[in-house]
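Heads up, the next two complexes both have chain A, just with different partners, chain B and then chain C.
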Partner chain A sequence: MKPPMHVAKETDLAAIGFAVSPLQEQQQKTVGKLNELVNAMRSLSVIMETCTKCGICANQCHSYLGTDDFNNIPAARADLVRRIYKRYLTLRGKYLGSYVGAEEFDDQTLTKWLTYFYQCNECRRCARFCPFGIDTAEVTIAARHILSELGIMPKFMQGITANMIKSGNNMGIPKPAIIDCAEFMEEEIKEETGLDIKIPIDKPNSDVLYIPSSADFFTNIDTMIGAAKLFYKLGLNWTISSSILEAANFGLLFNLKVMSEHNDRMKEAALSLGAKLVIQGECGHGWRAAKMYSEGVNGPIPFEIIHILDFCALNLDNLQLRKLPLRVTLHDPCNYARAGEICEQPRQILRACVDEFVEMTPNRDENFCCGGGSGILMDEMMEIRMKLGKMKADQVKALGKIDYLAMPCSICKAQIPNVLSHYGIDIANMGGVMDLVGKAIVLNE
Partner chain B sequence: MLNFIGQILPYLAGGIFIAGMGWRLWTWLRTPVPFKMTLSPAPVGTAQRFIKIGQELLIFKTLRQSDRRLWLWAWMMHLCLAAIIGGHITGIYFLGQQFTALGLSINESVKLSTILGSLSGILIFASLVALLYRRTSNAEVKRLSDPADYFDILLLLAVVISGLHMRLTSLEVDLPAIRTYLGSLMTFKPVSTPQNWIFISHYFLVNILLAYLPFSKMLHMTGFFVNKAMMTATPPVYPSSLNASNISAFRKGGVSE
Partner chain C sequence: MSVVIKGQEIELDEDGFLVDPGLWNEDIVEYFAKAEDVGDLTEKHWKVINYLRDYFKKFGIAPMIRKLCKDTGFTLKEIYELFPSGPAKGACKLAGLPKPTGCV
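After this line comes the complex of A and B, so read on.
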């Protein structure tokens, strides 16, 4: 069995402070780390004991529906870890073995983990439909964490972490290029509106720190332009920080220590700039990491953290928006709708910005993941990614003609266009929600 | 043997059940919750939280939404189980006369008690058979199942069949004698075990079930509450004065648990 992605080599790992565990230590270390996590995360310890194998999750998981691979059934995926847990960390598994579903650790165990836990998008749809609320994403987070602690991770995750260390963003954009790009966007805005709207970088004594996704300085600049116009309209004293030009927190997707370091970076940047408010840009899992994890791992947090869509929706009354003549639908990023309390806000914004807003089915907390969630954006996994995106393609197809597909998350923005073209669905425009705000907002009264 | 089953096993099984469940719950509750696990949309306020968990507990709301057929059998099974447990407690304590409280005569109450008990028994039998059938006929569920998953259903079926045997065949069970016996167990003043082999077989199986339960997946009844409590927690609000957890899994140089 060969894992479907490029795996980081020893020299790559050293660059981000990780090391490979020798083969003969793998079993002991895996069991040790698993034991540590089971004793550190109540969710995991409950999940290890509570599944009744009812199989309800099978038909709710886009990964299983798209790939038709048994190990992608959430209960089966969780069992990859649960079997090891039972065998080495419970008495009944030790003595009753396969009768209770325990399994020996062998040379395929970690390869299976690497293969299947990187086909879980951590979308939490199984948790939404499980009668006990078992969240397989927790098992995925734990399994990926253990793998990385043993020096096993996709090259993709390693590369992004190396970029983050080097430049403060996942794309590896150095500060001069950030400044260049901000100037370019300022010129674009000037050309369009005739106004001098600034995108300040590292401006001291700012009230607001805006943390965009670095892709907003690269491929999704309309999202950044929309945010800049919004802040201008509201008269905010704001800045972005070159030390954390990244809402995405890939640590959550492969190593929890890296996750907490990223949040530390956010905290330090906000404190050094004197910001009372941190606004997170359009990024799904990054929002979950900032909102749900900062308190427990990086606290105390002396400033407010809010999402750009929440912030924008709260200020809708202070904005003048003209309705764009578009038929628009919204893809709910999983981490907003199931893990971040961002659900009605983008709808309020879209209804204010466009003529016709249509829902895809299912939607909100029942929405299907795009198939790229949890950082499954590796080029070499394209075939699997398209299978993971099949449910999303079906959902969009059912809507008929759409002028604009709003997908306010950088991973969705990287995945969905590929999925739609793969399944032969033609949509004129796609992008963030802030992109539309930027186009609908009236700045010169 | 009768002495063991009647005088020793109940204490053993009861002890294992209480200690086992307590130990399970304690190992979960002592484990920290470093991150809020809230599944959005989070219920607002305690009342909404109770409603959300209550709907899951009482009508299996999400299961009903995703699979009506499984919901029917699973819900009926659990409903009957609750009725049977309640029926055993009141029926044995009041010797079937509990419904006199509702204005029925003693005869009518005993009759109603018998009917309700038999009905619950038959329905739970049917649901367990249906669930067992589903486990073997649904390809995905079949592959997910371990031998223990079948054992759990078969054990429950054995308990139900032996119970129905007492109910539905002409073998009369001396309820007052059983009441006296169970009462004596609880007050630690032993009397002799009723010598009715149908009763003994049912009673033996129930004891085995009790002792087995904390180590089986039937533990999902406690897992349900612990998990749902986490999933419906109020999300963090910032600024937050909470101190960071210092668990080594989450922070470089953190303290190993």
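After this line comes the complex of A and C, so read on.
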């Protein structure tokens, strides 16, 4: 069995402070780490003990529906860890073995984990439908964390972490390039509006620190421009930080220590700039990490953290928006709708910005993942990624003609255009929600 | 992995990008042009490649896609016609830049 992605080599790992565990230590370390996590996370221990294999999750999982691979059924995927848990961490598993679903650790165990826990998008739709509320994303997070602690991780995750260490963002954009990008966007805004709207960088004594996705400084610049126009209109004293130009927190997706380091980086940047409020940009899992794991893991956090769409929706009455003549739909990023209380806000914003807003079905907390979630954006996994995106493609296709597909998360923005093109679906335009705010907002009157 | 291009051994990463951008030369561009289905290289291709190389030398990273389009005068569609695998995975590879990574 060969994992479907490029795996980081020893020299790659060393560059980010990780090392490969010798083969003979793998079993002991895996069981040890699993024991630590089960003891530390009540949710994980409940998940390990509870599943009755009722099978309800199977047809709710886009990964299983798209790939038709048994191990992508959430209950079966979680069982890859559960069998080891039973064998080594429960009395009945030690003595009764496979009779109670326990399994020996062997030379394929971790390869199976690497293969299948990187076909789970951590979208949590299984948890939405499981009668016991079992959240397989928690198992995926645990399994990926254990793998990385043993020096096993996709090259993609390693490369992003190396960039984060070097430049403070996933893309590896150095500060002079950040300045150049900001100036280019300021010129674009000036050409369009005639106004001098600034994108301040590392400005001391700022009330607000805005943390965009670094992809907003490469492909999705209208998202950044929309945010800059919003802050200008509201007269905010704001800045971005060159030490954390990244709303994404890939640590949540492969190593919990890396996640915590990212949170510390955010905390230090906000404190050094004097910010009382941190506004997170359009990034799904990054919002989950900031909202759910910053205070708990890195607290106390002496400032407020809000999402740009929540902030924008709260300020709708203070904005003048012209309705754009577009038929628009919304793809709910999983980490907003199922993990981040960002559900109605994008709808309120879109209804204020466009002539016609239409829902795809299902939506909100029942929406299907784009298939790229949890950082499954590796090019070498494109064939699997297209299978993971099949349910999303079906949803969009059912809507007929759409002028703009709003997908307010950088992973979704990277994945969905590939998916739609693969399934032959033609949408005129796609991008963030803030992109449309930027186009609808009236600044000159 | 490494490949031999006009007698010189060149190391490529898992995605087929140059490991050492300093080794870039025109023979390598020809090699990548074949690998990426670019076809015969024209003045238009070189305009994009040279722009990317200049930007990379100055800033150590690929430019924003819209800036690339604006400064070279090509639409994104035209860039895709020139480099079928796109500005990031196609044009950057030919220009010897590292592969743009992250949520792209």
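Note that the second predicted complex is superposed on the first by the 445 of 445 C-alpha atoms of A that agree within 3 Å, B and C clash if a C-alpha of one lies under 4 Å from a C-alpha of the other, contacts with A are read in each partner's own complex, and residues count from 1 in each chain.
One rule holds for everything that comes next: contacts are C-beta pairs under 8 Å (C-beta built on N, C-alpha and C of every residue); 3 or more make two chains touch, one makes a residue touch a chain.
No experiment lies behind these values; they were computed from the predicted model shown.
Q: Should the superposition on chain A be reported as showing a clash between chain B and chain C, or a fit?
A: Overlaying the two structures gives chain B and chain C room side by side.
Q: Is A:Gln60 contacted by the first partner chain B, the second partner chain C, both or neither?
A: In the superposed model, A:Gln60 contacts chain B only, not chain C.
Q: Contacts for A:Lys413 in the overlay, against chain B (first) and chain C (second): which applies, first, second, both or neither?
A: Only chain C is touched by A:Lys413; chain B is not.
Q: Examine A:Ala337 and indicate which partner it touches, taking first as chain B and second as chain C; both and neither are also allowed.
A: In the superposition, A:Ala337 touches chain B alone.
Q: For the three-chain arrangement built by superposition, which of chain B and chain C touches the greater number of chain A residues?
A: B
Q: Does the superposition put A:Arg82 against chain B (first), chain C (second), both, or neither?
A: Neither partner.
Q: What angle, rounded to a multiple of 10°, is defined by the Cα centres of chain B, chain A and chain C, with the middle one as vertex?
A: It works out to roughly 150 degrees.
Q: Identify the partner contact of A:Glu49: answer first if only chain B is touched, second if only chain C is, both if each is, neither if none is.
A: The answer is first: A:Glu49 touches chain B but not chain C.
Q: Touch test for A:Ser213: chain B only (first), chain C only (second), both, or neither?
A: A:Ser213: touches chain C, not chain B.
Q: After lining up the shared chain so the two structures overlap, which partner does A:Gly299 touch, if you call chain B first and chain C second: first, second, both or neither?
A: After superposing on A, A:Gly299 lies in contact with chain B but is clear of chain C.
Q: Is A:Pro174 in contact with chain B, with chain C, with both, or with neither (first, second, both, neither)?
A: A:Pro174: touches chain C, not chain B.
Q: For the overlay built on chain A, what is the smallest gap between any CA atom of chain B and any CA atom of chain C, in Å?
A: Least C-alpha distance after superposition: 23 Å.
Q: Can you list the residues of chain A that meet both chain B and chain C?
A: none
Q: Spell out the part of chain A that touches chain C in their complex, as residue ranges.
A: Within the complex, chain A touches chain C at residues 6, 155-156, 159-160, 163, 169-174, 176-177, 180-181, 184, 188, 213-215, 217-219, 221, 248, 283, 377, 379-380, 410-411, 413-414.
Q: Across the complex, what residues on chain C touch chain A?
A: My answer: residues 14-15, 58-67, 88-89, 98, 100-104.
Q: What residues of chain B sit close enough to touch chain A in their complex?
A: 24, 27-29, 31-42, 56, 60, 62-63, 65-67, 70, 74, 138, 140-141, 143-149, 151, 215, 217, 219-220, 223-224, 226-228, 230-231, 235-236, 238-245, 247-252, 256-257
Q: Taking the complex as given, what residues does chain A use to touch chain B?
A: Its residues touching chain B are 33, 36-43, 45-47, 49-56, 58-60, 70, 73, 75-76, 79, 92, 96, 98-101, 124, 127-135, 138, 145, 256-257, 259-261, 291-305, 336-343, 364-365.
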